[in-house]
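Everything on this sheet refers to the single structure shown next.
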Amino acid sequence: MREWARNHRWEVLLVGLLIATTAINIAITPVYLGVGNFINLFGLSVEKIIVAVVMAFVIINGEIDLSVASVMGFSAAVMAALYVGGDVPFVVCVAIAIAAGATAGLLQGLVVIRFGLPSLVVTLAGLIGFRGAARVLLEDTAVGDFPEWFDRLGQQPLLGPLPLAMVIFIVELTIAWIILERGSFGRKVYAIGNSAEVARFAGIGVTGVKLKIFVTSGLVAGLAGVLFAARVGSVRGDLAQFFELDIITIVLLGGVSIFGGSGSMLGVALAIFTVLNIRNGMGLTNVDGLIQTGVIGLLLIGSVLIPNLVQKARQRRSTPAIAHAPP
Amino acid sequence: MTTDASAAIARPRRFPQPDRIKEISLLGMIAFSMIVFSFFIDEYPGARFFDRLTTSVVIVAILAVGQSIVIITRNVDLSVGSIVGFTAYLTGDFLATFGSAGPIAAIGIAIVAGAVLGSINGALVAFGGVPAIIATLGTLAVFRTAMGLYAGGIDITVDRLPDWVLEFNQRSVLTIGGFDLTLIFVITIAVVAFFQWFLARVRGGRRLYAIGSNPDAASQAGLPAARLIFLAFLTSGALAGLAGFMYLTRVGTISAAAGAGLELRSVAAAVVGGVSILGGSGTVLGAFLGALLLDELRLSLIRLPAISEFWIEAALGALILVAVVLDATLRKRLNSRWAAEVRRSIGEPAPVTQGIPEGGSADA
Amino acid sequence: MDRVTDEAPLLVIEGVSKRFGATQALSDVDLTLRSGEIHALVGENGAGKSTLIKMMTGIYAADEGEMTLDGQPFAPRNAAEAQQLGVAAIYQEPSIFPDLSVAENIFIGHQDRGLLVNQQAMARDASQILATLDVHIDPRLPAAGLTVAGQQAVEIAKAISLDTRVLIMDEPTAALSAHEVDRLFRQVRQLKASGAAILFITHRLEEIFAISDRISVFRDGRHISTRVAADVTEDSLVREMVGRDPADFFARTEHHEGDPVLRVSGLGRTGVFADISFELRRGEVLGFAGLVGAGRTDVGLALFGVAPADTGSIELDGKELTISSPGDALRHGIAYLSEDRRRSGLSLPQSVTANITLATLKRYTARFGLLDAARERSDAETFRQRLGIKTPSLRTPVGQLSGGNQQKTMLAKWLNAEPRILVLDEPTRGIDVGAKADVHRFIDELARSGMGIILISSDLPEVLAMSDRVAVMREGVLRAIFRGARATQEEVMALAVGAE
């Protein structure tokens, strides 16, 4: 246990943070513990956290995907445009929309792999391009009046008190957790993120793994876009705009290294709960959404800065020993 | 091996510098696209288009200059949109309170405020060891929040501002046959020219390239990397402050969301302008031309009757991708050409290549 | 007395020692460099040369002893400070700024003409310095296009522009062609004529005699001798370099060699190695001796599919194979233990178990792509006991283990793949004596169990003691294959360095 804690310092810290925020929330408002609030806690951000889970894979693998929010908008727009067209059964519209998301991910992944370009740049182009494609499809209209069953799926409880999106999130988180911590794929993701060279020497198909992750990222973003449309009941070209920064923030706050190779699903899950907890608690006490954003920004910076400063201070105290092994 | 040394010095063969090639091809792309558009759009490219382009490009152009300086050091500044919003609000509030203040004081306040915010980014990255993408993603949120707290839900509106503010945006320095050269565009050109000169000619500027090109070698050579990276972020912040002032004069109404999204547009302009995201190469002139090209395409597409204006962003995304792919290909080509030339000039046979080829297709 | 030795001492190193954990890298070393001399420093890998260089350039601090430069105490805290004091180093792989011009690369750290950079004047000065080195390239070109030789010329030009008084050259010729070496030597002599002291490190004997005024030999972190080059013979030098007694080594048992399992014929890779042919039998240890850069590692990488050969054939059990990726090689039962643990050997932040099973994940993958953790653990546990890996737990990140235990973990990873042929590239480099003995014991055991082993090692006594046969490579060509017992260290070394 002690060894686990030493190797998972960040998760331990997040647990502390989570307990602290929960305690504060309970103290501040009795509403907090209600089931309704709990659903509310997740409901408003459920699409973001669905995407964040996959983003953890992307970043652990040593890449980044800035295009997720635009792909969400793009997929939703594909669905809406097909629906307006009227010739296609709505279920097919939804399926095509999700497939469009996966295709967006595939395209970007292929460009990253084929040309060896940094994914930061490629997905920045994707961020702008797929948002543009959403605008092309919908122009400045809002498409609504989806079939009743679709709206109901987005807005009504499906399983007990949980709406579909939350069921999906719980299932997704569980599967992702298992794959990353227990699956052979997850093992490869870490190995590649640590060193693509080591992975290659171990006979792992590096490009294949990377491509699968980009496709999944697009696919899940597409799904999240559709879920968002169902929850809100209408689609516009700017659906989910700027979500990418929130999503990446959650993942990094979860202790996933921006340089790849380390991080855990536990950390990401704890970061999700912590962020939602903070937003919820502040929301219940009528703290402005803007301030919530700022607090999370501070947490993100502090999460890297404070350990750095502590380490620096420690080094200054001890004699400047050089830790290198002889060559 | 018997080449006369003085001859080699006197008549060196000129080689295409990658930065010059990029700048010229950007100019070419701007000219070419304008010619193409001129067949489809009436009165294009006339004085009105010139006026629109030069007034609309300034904000992103100035941000792209600062962004490029940061990217050249192998970092990135995602907080500039929030700095624009913050400084625009601050300056607007200042002018609403002190109606008699002139543009000089307003610009001064905007730049200083931007520099202060930029120095926070710089300190986090250079001295705190926080990766730039994390630090500026965090300050993107924090600066936005600080602005919101400061604003307290009250927007800056046009009617609270002195009259000169909105006129400032249209103030012209020189008019030649219907073409207005606006003051803000002249300021932008001056900023681009100054930093182009600084990065090309001043010691500190060259060292920014060195740091981004090979950080290990830079520290081995004893370059003050942390200090220079700090200053790069400070400069980016100061320029975002200037852009914030221009945002105020352009929009007039400043809400809590002012400037959101500009961070990625500035990165896009820099990247299209040939600034390598991996650091060490590119020029601010290129970034400026990148901003100009993106804006020119946007404004032209808006006026193109045949195509929905909604195609603009989709086209821009594709353009960025094409630009970076071309950039990577061009770089590879030029490198092998230089290598061949260097071998020729020192009389070498083809080199022995050793070790493992990078990348490779060795995946199972 | 020789003219050189009459010169006043410039840099004096006295009684310097340095220790890393269990390894004594340098013990009580003395060395004196004089103005206007080229001083060759020779010794096997691990003799302490690199550690000494890092001390002179401020990267390491000495545990004991002191250095003086011109009679003043010399204790630089970093490379930049050493450079300011006039001590600079050029490595095998020079560190240049690819995006900056050649001229800027020369002057970047010390443009002392004020704040403004006069590109024209800089290019002119750079041209002049380069011309004295007989290099005629346009200094305004970006350095990205330079070959290694060109990059070294830039570094030498930088040293000249800095008025460097002590220039350390660490195996600068390792990646150069004969032609390039000639020019480098002229450049070095130029520098010497200007009064600088040059510490020249190389493995190639002909170079040592061609260029140096004095020669110092290091062995096992100790200073063995310093003599005027004219008094040194190839024989005496080789004897001093090797020196150790193979009898200190693990006494390997008699192997029962079986049928040939691997037959390599005419294997080549353009510009790297050519026409390599050999046979490996079951239960045999085939050693590969030679200098760093002789192409041994490249042959290993070709067998493993990392950098496939472009000519020749590889036959396994009489069947010809195409190996174009490590995945291919592993499927055919060929494994390769990398010489570079950090870069290509171990995933340091991952656990010991994860590393041991990394190359064989398929075996542990049960239904739904899930890993059989219990089986992973039990296999890892087996290897921990069998190889004696000392670790707090199997979940510990392998980066936290000592070098020797990391090396054993890496070995476990490849043994777990149950290869029929195992290529070991420098399996005992940088690990302590105990771990080294363990590794030797395993090599012996594995051979006895019928595995074919290729042992690439720069440690001569090791390769001779462990191998049934020893292949010697020099400059990409296989020069000879000795029966292990018949070869002497002197014979192998002479062949490896190209002494007649």
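Quick notes on this structure:
To keep things simple, chains are lettered A, B and C as they appear, and every chain counts its residues starting from 1.
One rule holds for everything that comes next: a residue touches a chain if its C-beta (ideal position, glycine included) is under 8 Å from a C-beta of that chain, and two chains touch if they have at least 3 such contacts.
Note that the structure is predicted; figures quoted are calculated from it, not measured.
Of the two chain pairs considered here, A-C and B-C, the higher C-beta contact count falls to B-C. Set against the C-alpha centre of subunit A, every other chain centre is closer than that of C. Subunit A and subunit B have Cα centroids lying 29 Å from one another. Inter-chain centre distance (subunit B to subunit C, centres taken as mean C-alpha positions): 44 Å. The set of subunit A residues touching two or more other chains comprises 200, 203-205. Shown for subunit C are the residues in touch with two or more other chains, namely 306, 325-327. Residues of subunit B in contact with at least two other chains: 362-364.
Interface residues of subunit B, counted against subunit A in their complex, comprise 76, 78, 124, 128-131, 133-135, 137-142, 144-146, 148-149, 256, 260-261, 264, 267-268, 271, 277-278, 308, 310-318, 320-321, 324-325, 328, 359, 362-364.
Considering their complex, residues 20-21, 23, 25, 46, 50-51, 59-61, 304, 306, 325-327, 329-330, 336, 338, 343-350, 354, 357-359, 361-362, 364-365, 368-371, 373, 392-393, 395-397, 403, 413, 430 of subunit C touch subunit A. Partner subunit B is touched in their complex by these residues of subunit C: 78-81, 83-84, 95-100, 104, 108-109, 111, 114-117, 119, 124, 127-128, 131, 134-138, 140-142, 144-150, 175, 177, 179-180, 183, 271-272, 293, 298, 301, 305-308, 324-328. On the subunit A side of its complex with subunit B, the touching residues are 66, 111, 115-118, 120-122, 124-133, 135-136, 138-140, 200, 203-208, 237, 242, 245, 248-249, 252, 258-259, 288, 290-291, 293-298, 300-301, 304-305, 308-309, 312. On the side of subunit B, the complex with subunit C involves touching residues 1, 3, 5-6, 8-9, 12-13, 15, 17-18, 200-207, 209-210, 212-214, 216-223, 280-281, 334-343, 345-346, 348-357, 360-364.
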